[in-house]
Amino acid sequence: MTIAAWITLAAPLAAIALITLGGNLLPRRGAGYVATAFTFVSFAAAVYAFVAMWQRAGADRSQVSTGWTWLSAGGFHAGMSILVDPLSVFMMLVVSGVGALIIGYSIGYMDGSDEERRFFAYMAIFVFSMLLLVESANLLLLLAGWGMVGLSSYLLIGYDQHRPAAIHAAKKAFIMNAFGDATMALALFLLIQHTGTLEFGPTFAHAPGGTIGILIALGLLGGALAKSAQLPLHTWLPDAMEGPTPVSALIHAATMVTAGVYLIVRCHPLFERAISVEKTAAVLGAATLVLAGLVALVQVDIKKVIAYSTMSQIGYMFLAAGLGAYANGMFHLMTHAFFKALLFLAAGILIHALAGEQDIRKLRGAGRLAPFTSLCFLSGSLALVGIPPFAGFFSKDSILAAGLDRGTLGYILFALGEVGAFLTGLYTFRLWFVVFRGEPTPFVREHFHRHHGKEGPLWMLGTVGVLGVLALIGGWIQFSPIWHPIANWLDPVAPPLANPTSTEEAIASALAVGLGVAGIVVAWLMYGAARVPVPRLAFVQRTLEHKFWFDELYDAVFSRPAAQLALALDRAIELPLVAGSLDALGFGAREAWSGTSRAQTGLVRSYVLALAGAMAALVIAFLVAR
Amino acid sequence: MTLHRPHVDWFSISPELVLLGAAGVLLLGAVLVPVRGRRPFSAFVALLGFGGAFGMAVAVYARSAHGSLRIAEALFRDRYGALAQIIICGAGLLTVLVAYAQRMRDEHVGEFYALLATAGAGMAFFVTAGNLMTLFLSLEWFSISLYILCAIDVGREGSLEAGLKYLIVGGFGSAVLLFGSALVYGETGALSFTGIARASAGHSGDVMLLIGFAMILAGFGFKASAAPFHMWTPDAYEGAPSSVTAFMAAATKTAALVLLLRVVTTAFPGEQHLWTWALAAIAVASLAVGNVAALFQRGLKRLLAYSSVSHAGFMLIAIAAANGLGGRALLYYLIPYSAMSVGAFAIVAARERELRQPVTIENLAGMLWERPFLGFSMVVFMLGFAGLPPTGGFVGKFYAFAAAYRHGFVWLVIVGVVFTAVSLYYYLGVIRSMWARPAGATSLAPVGGSPPSDPLLHAAVAACLVVAVGSFFAVQPLIEIAHHAASALPF
Amino acid sequence: MAGNVLIWIVWVLAAFACLGSGLAVVTFTNPFYSALALIGNLGSLAVMYLLLNAEFVAAAQVLVYAGAVMVMFLFVIAYVGTDSVTPWAGGPSWQAVGAVLAAGAIFLEIVVVVGLKAGGRLSHEAKIAESFGSPADIGRVFLTDHLIAFEITSIVLLVAAVGGVVLGSHARQTTEYDV
Amino acid sequence: MTGTDWQTTTLVVLPFAGALAIWFLPLARYTAGATAVLISLAEVAVWIDTVQRFDFSSPALQFAVRRSWFRDLGVSYHVGFFGFSLWLVGLTVVVMAACVVYGFWAQREHARAYFGLMLFLTGAIVGVMTAQDLLVFYAFFDAMLIPLYVLVGVWGGPRRGIATIKLVVYTLTGSLLMLAAVIWFGLHAGTFDLIDSGTSSSIWLFLGFMAAFAVKLPFFPLHGWLPDAYREAPPEVTAALSGVVSKAAIYGMLRIAISKFPGPTHDVRPAILALAAVGLVYGSLYAFRAPDFRGVVAYSSLAHLGLIVLGLFAGNDLGYDGAILQSVNHGLVTAGLFLLAGSIERRTGTGLFSQLGGMARGRPALATAVMTAGILSLAVPLSANFAGEFLILAGVFRQGWGWAVVGGFGVVLAAMYMLRAISGVLHQDVGPAVREEALDLRPAELAFVAPLLACVVALSVWPNGISGRAFARGTGARQTVATELAGMRTGWTGYAPLEAAKK
Amino acid sequence: MRGPEVTWYLGVAAFLFATGAFGVLVRRSPLIVLLALEIMLNACNLALIAMSRHHGRADGQVFALGVMAVAASEVVAGLGLIVAIHRRRLALDVDRLTSLRG
């Protein structure tokens, strides 16, 4: 079982090595095949591990395997060790499975780019990093994986190296994540100081509570917020859509951005010692889900709409994790991986076919030329809105139900979640009605180019098809009132704090489905049938278009003061003290030199005078001092 | 009336005698040997003279384990003096090699070497002097030789000017020293150092003794070119022929400083509380003046002259320390310092012969690449002056500072360190100028094509290089030698 | 006592002659007169030496110094001719001020301090033998205790002679820096 | 000296011997370079041999050689290895080998002078890092400056004049203050031997030593020589300066300032930590402002070295181990970056971001190398740099959370400036100075960059190879640096939770 | 002998010495400077001889004789220089010999 987990981890690494060292020996397409194949190996190994674990008893399912001591200093040791337990196997399956699918899709999507090798190497790095993140058996390696996924995110967002927007977005993503990494590292330092170790088991067992505990949890939460693009560290995610679409699907929808949820679930003992922080996570999740939903309403870039939707959905997951409904959160993580990847990839087919165009005003009606894609996109949309029997229905509604089980705060969060459900319906189907059901624009008619007579390359269509099916059936694994294998599976790792009753489930479902449908109807009225004009409120419009002015705020609070500080330092320290330090010295030295040089007049009499004067002075000194 | 002629210990003055013999042969040669062969003949004889004196000094060193006064207390025969003689003769030996290719009037080449040999002999006497009379007379002996050597290039204005300035200031300095001697003699009734110490043992701090002592110190300060008695130094060094400058820088300073230490310790032990501070103050003044004045100096010889002023300061630190460590430090330091001085001025001489104009920082440009051996050697000498490893200058400075520290002069260590830092600017500036590419104007050897190869000068530079670097590695044997020598002093 | 008075008178005359001629040496514009004044100075000093029982030195002073050396001096002055006449003022004013100060300081330091503080001890002279300062006595000391000094003196003179030859001989003029 | 202990002296002397041979033998240009390369590779080989024989569990000085130099003051040529000095020397020989290869590739003019100086520099640095006698240490410390001075002055950029003057004035002023301290310390202790001499509690001596190390490092605010020197020096010399010469200062701080002055270290710690923290932020901000690639790396060095000092003065195992680990990482990566900067400048003639850009396209090896070095430098997690910085910050956290917060902030800033630098060279529009003909990295260039980066990658897989082997855990009978440091350890194994768990 | 005490001689010697020093310091003619130097040396001689008398030891007189020879040698060297300078048609004025300076 642990060997399988190691193989899961190592397979993408082998792909990286092969692609990097192979260089030009490997054909471009070959890189894609290599990456896909090794990721599938990874997935297969994950499945094997899952099966192996399935056959074991509960207590035996959690195993730590240490390869070597990665880092030690004094009494502190951190091993290169992996933890194989239900939660990590669950994540391994999602990551490697979805990863493999999307990398396969990329073979088609990236065809023709002249740097495919680099792309697939990056993708493999990402898969490796993500697997490291979920498999690590201590917080240090988790942080390592955490940073590595940030790195691969940076690399992939900036894949189009010549586009300034892409590079800028990549840097922004990395730096905001670095900030999260830093807060996490601080939490780790606290843990080291108070427990002496970062291995999950002893750390969780001995973690302090009280203020220290709160600080630790806050540090971890900072990392989670940054990684999962939750308020207030969310602004990088929409910009990250500058990356190629498969990247958005894999990293910024299916896997990496959900790492924050994984972190909370994984470290729930720490959060539970600081329950206020856990609740804060829930509140931030709820706030994000509403805000993102609102902003998504006015976006005109197809990928950004989906990105905001991603933020919103992760908000749900945070809500779940924050409320202690860990299994529900993980379940939603999984279904969300399916349907959000699907949405992105389907959108990617259109974008691919239309030479990279992403503006929905130009894409209007494009879906009509791609029926299969439309069908899949519809599947994904319905899953997203949570219409039964699509996947989202099962996962999202159980989260909302958990809210009902957690007191007053839970009710408020529940209400926000329901608002989010309405917004989800509205923005999702705004997209659907505009892009897939509208009258094709001249641009679309002119530029839509079919790939060998099909909507797109087989690799892409195949992946989208598989995901389309998964979006439909993926949720059937668990239907909370009746059967809950995932909750059972994860229970030994993360026992839930919330156990909603069937009644609560029913109320939540009914409301959510109702509001979702309402959203769809409103979208149809406004965009599909144009029966109702889109309301125009200047202030609201501006606020939403500026994404609640977060970027501007950060610019004013961080970037500009930093620049001004640097300038002030330049004027106050670097120029006068550092650059100018020698000027003053040099000037003084030159003055002194010219003095002595002038004293050397060339007049021999003055030399004698110096001798005589000095002698006289010496005599006087002797007489005085004797 | 019977004369009780003192026993003359011929062996103890054998270095001087060898040199004087060489000088005599040289003077004869200057008359008898035809002009064409005079140069090689003279150089050879001078070489033999300095070499023989060097050998005899070594022998005296070896056979004078216990210091003693010889020839009616006029001379010391001890390892201290012998070591100084060794250094002086070594410097003279190298100077002969450096001077060989000098474009000097052939008719006077014999006299030139004769004067060099007599100057060496005078210094050899000087460092072993046991009373004020020997001191003064041998001082004048080598001083007059040097005045003439300075001015010997009579065709050139600078040389004459240097000679005259040296003579006037030197005459004044000698007179001051002499008057001081007279006062000390008047107070103590003794001329020999030990006698002075004996006579003044009871009443230290006597006015007349102190005035005399101060004047003697001033005279020594002049000879050692310590500030503020140094002002003749740059002019004389610049005007004198470079080989003479080399000899003056190395040998004169050696002689003056060595005897200064002997005088202050053997004749004035009772005034130690005064002369330690006085010498420390002179050292500080020398360090300050020498280093600051050299900072932006363009003429290389002047720069080196100021550097020699500053080195007088460094060595005075060792003397001011007034302990055995200081004695060792001084003697040790003089070895690499003399080698580096001779070497540096030899390189200046080579460059002058090549360019036929005074060497400045500017026209050193490119030397490191065009004359790699000389350039490299110059780099090493400059590093040595600056006290950087791997040269004896490093260890020498370290010893001097250590001695001062042991005396309790921590402030003096700090001052020395600070001025070492200042000195780096110009020493490294010389190095920098040597790798700089000539701006185009300065061309090599404008007339006569490539300069004649000068194997003797190169050999001298190589020897200096060996000593300068070797003294860094062979500290222990050299320090032992210095230790034996310094133990002749009453610490 | 009469002898004492006589000695005093001679001393005072010699001393004033000595000081006056000394001042004359440094003040005359023409070196020729200066040199003559120096001869006077040397002569008056010789008188003092006699008063100090240094007959041999006094004789040497007159014969060797005032005679031989000064003749050479006068010869050179004559050779150089009118070029030798230089005004004694000029140069930077601080030089003159400094000269007065320095010379004054030297004088005061020696005289005032020595005279006031050490005069008492210097007043008791040692008893001396009759032969003190005679040529025989000096010769004996020269050849015994100060043999080395004697030899050195001869060599110094030799060096100076060589130097005079080297410096005085004709040389080609050059502006070339050719050492 | 026993039969097996030839390694240390060989490591020290071989480069000097090589330098002399190259200077004095009439070698052809190519032969001189090849000889230098061979000698620097031989150094690496000897070092590897030493590592293999080294007993990491012993805290005693190993491979020690002691020969009296001058007896009356108790000075001896005494060299040897502790665990941490072994790693620093390893860094030196590897980086210097890469630098020599760079010089070989760049075909420096005056080849004999050049290669001799490079070898001389190698020997001096190795000497500093092995010296167990104060004066020998000081001699090597000063000797480092000579080749640097000439190398910058002769082969440097257009403003090399002022750069060399600043370099010299700053560093020598510092080291001469150290000379005063050396004399004071040695004469006071009666010996200059670092093993034999005890500790001192004089704050002035401590500051005298620290002055030299702080300037050499350089340490804020004594970094005035850094911008000019790093920009004007030839790239390989800059690499040596920032990569290894600064580590000589680190060694000095650890071997002398900290282990010989426990009292002053404790007293001055807050001030030093504060300066280090300020330097970290300051360097980072400046790196962000720098208009050229080398400027970014230069100021990032300032920041990183501040971080290492934070670790050194954290006063606990995490800090020490982290500082050593990070020293090695930083040396390798920064050297790599500067060599790459050199490669870039040779292609474009400039390092200004305004003139550069878009170099990634069509130059995969260059892009990969720059990207790899850059992200290693910003301490991306899982890299050895990350491990080092993590240990340092975890260590200094115990001195006060504020230091770690500043350090963490510095890491974020590092991401900002390093990404800016990477993008400025590789990405976005093709800069005006980047011509189409500018080739990808040649195999020769890979030969000096790839090993450096490969070392870091290898370390990333197993940073514990250094962090766990820098200081022996045992205690020896003799007083050694390890035990001196052990005396200051504030291990946390005594913390209640774990103790409780053990029972 | 009942003449003036040694102190008086010393006073004369000091005055003479100061006079000579003054001459060296203010005069510009090298010839007169040489003469002034002679005066200084003679002042020293006077002091030596006076002290010799004071102590009743002849070595001071011997010293004075040596000094005399030295003074003569200095004069020879100095005059040789002056002649050489004159031959070069250079001004016999020490204030104008300032090509070496700085």
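Read from first to last, the chains carry the letters A, B, C, D and E; within each, the first residue is number 1.
The working rule: contacts are C-beta pairs under 8 Å (C-beta built on N, C-alpha and C of every residue); 3 or more make two chains touch, one makes a residue touch a chain.
Since the model is a prediction, treat every value here as computed from it, not as a measurement.
Touching chain A and chain B at once are the following chains: C, D, E. Comparing chain pairs A-D and B-E by the number of C-beta pairs in contact, the larger count belongs to A-D. Ranked by separation of Cα centres from chain A, the top chain is C.
Centrality by Cα centroid goes to chain D. Separating the centre of chain B from that of chain C, both taken as means of CA atoms, is a distance of 30 Å. Separation between the centroids of chain A and chain C, computed from CA atoms only, is 102 Å. Centre-to-centre separation between chain D and chain E, using Cα means, comes to 65 Å.
Chain B and chain D have Cα centroids separated by 43 Å. Looking at chain E, residues 6, 10, 17, 20-21, 24-26, 28, 34, 50, 54-55, 57, 59, 62-63, 66, 70, 73-74, 77, 80-82, 84, 87-88, 94-95, 97, 99-102 sit in touch with two or more other chains.
Residue positions of chain C touching 2 or more other chains: 91, 95, 98-99, 102-103, 106, 109-110, 113-114, 118, 122, 145-146, 149, 152-153, 156, 159-160, 163, 165-167, 171, 173.
The residues of chain A that reach two or more other chains are 597, 600-606, 608-609, 612-613, 615, 619, 623, listed in rising order. Under the touch rule stated earlier, the contacting chain pairs are A-B, A-C, A-D, A-E, B-C, B-D, B-E, C-E. Taken together, the chain A residues at the contact with chain E in this complex read 597, 600-605, 608-609, 612. Taken together, the chain E residues at the contact with chain C in this complex read 1-12, 14-23, 25-29, 31-32, 34-36, 38-39, 42, 45-46, 49-50, 52-59, 61-66, 68-77, 79-84, 86-88, 91-93, 95. Those residues of chain A lying in contact with chain B across their complex are 589-590, 592-597, 599-600, 602, 604, 606-608, 610-615, 618-619, 621-623, 625-626.
The residues of chain C lying in touch with chain E in their complex are 1, 3-4, 7-8, 11, 15, 18-19, 22-23, 25-26, 28, 31, 34-35, 38, 41-42, 45, 48-49, 51-54, 56-57, 60-61, 64-65, 68-69, 72-73, 76-77, 79-80, 83-91, 95-96, 98-100, 102-104, 106-107, 110-111, 114-115, 118-119, 122-123, 125-128, 132-133, 137-138, 141-142, 145-146, 149-150, 152-154, 156-157, 159-161, 163-168, 170-171, 173. Note for the complex: chain B touches chain D at residues 325, 328, 368-369, 372, 376, 379, 383, 388-390, 394-395, 398-399, 401-402, 405-406, 410, 413-414, 417-418, 420-421, 424-425, 428, 431-432, 435, 475-476, 479, 483.
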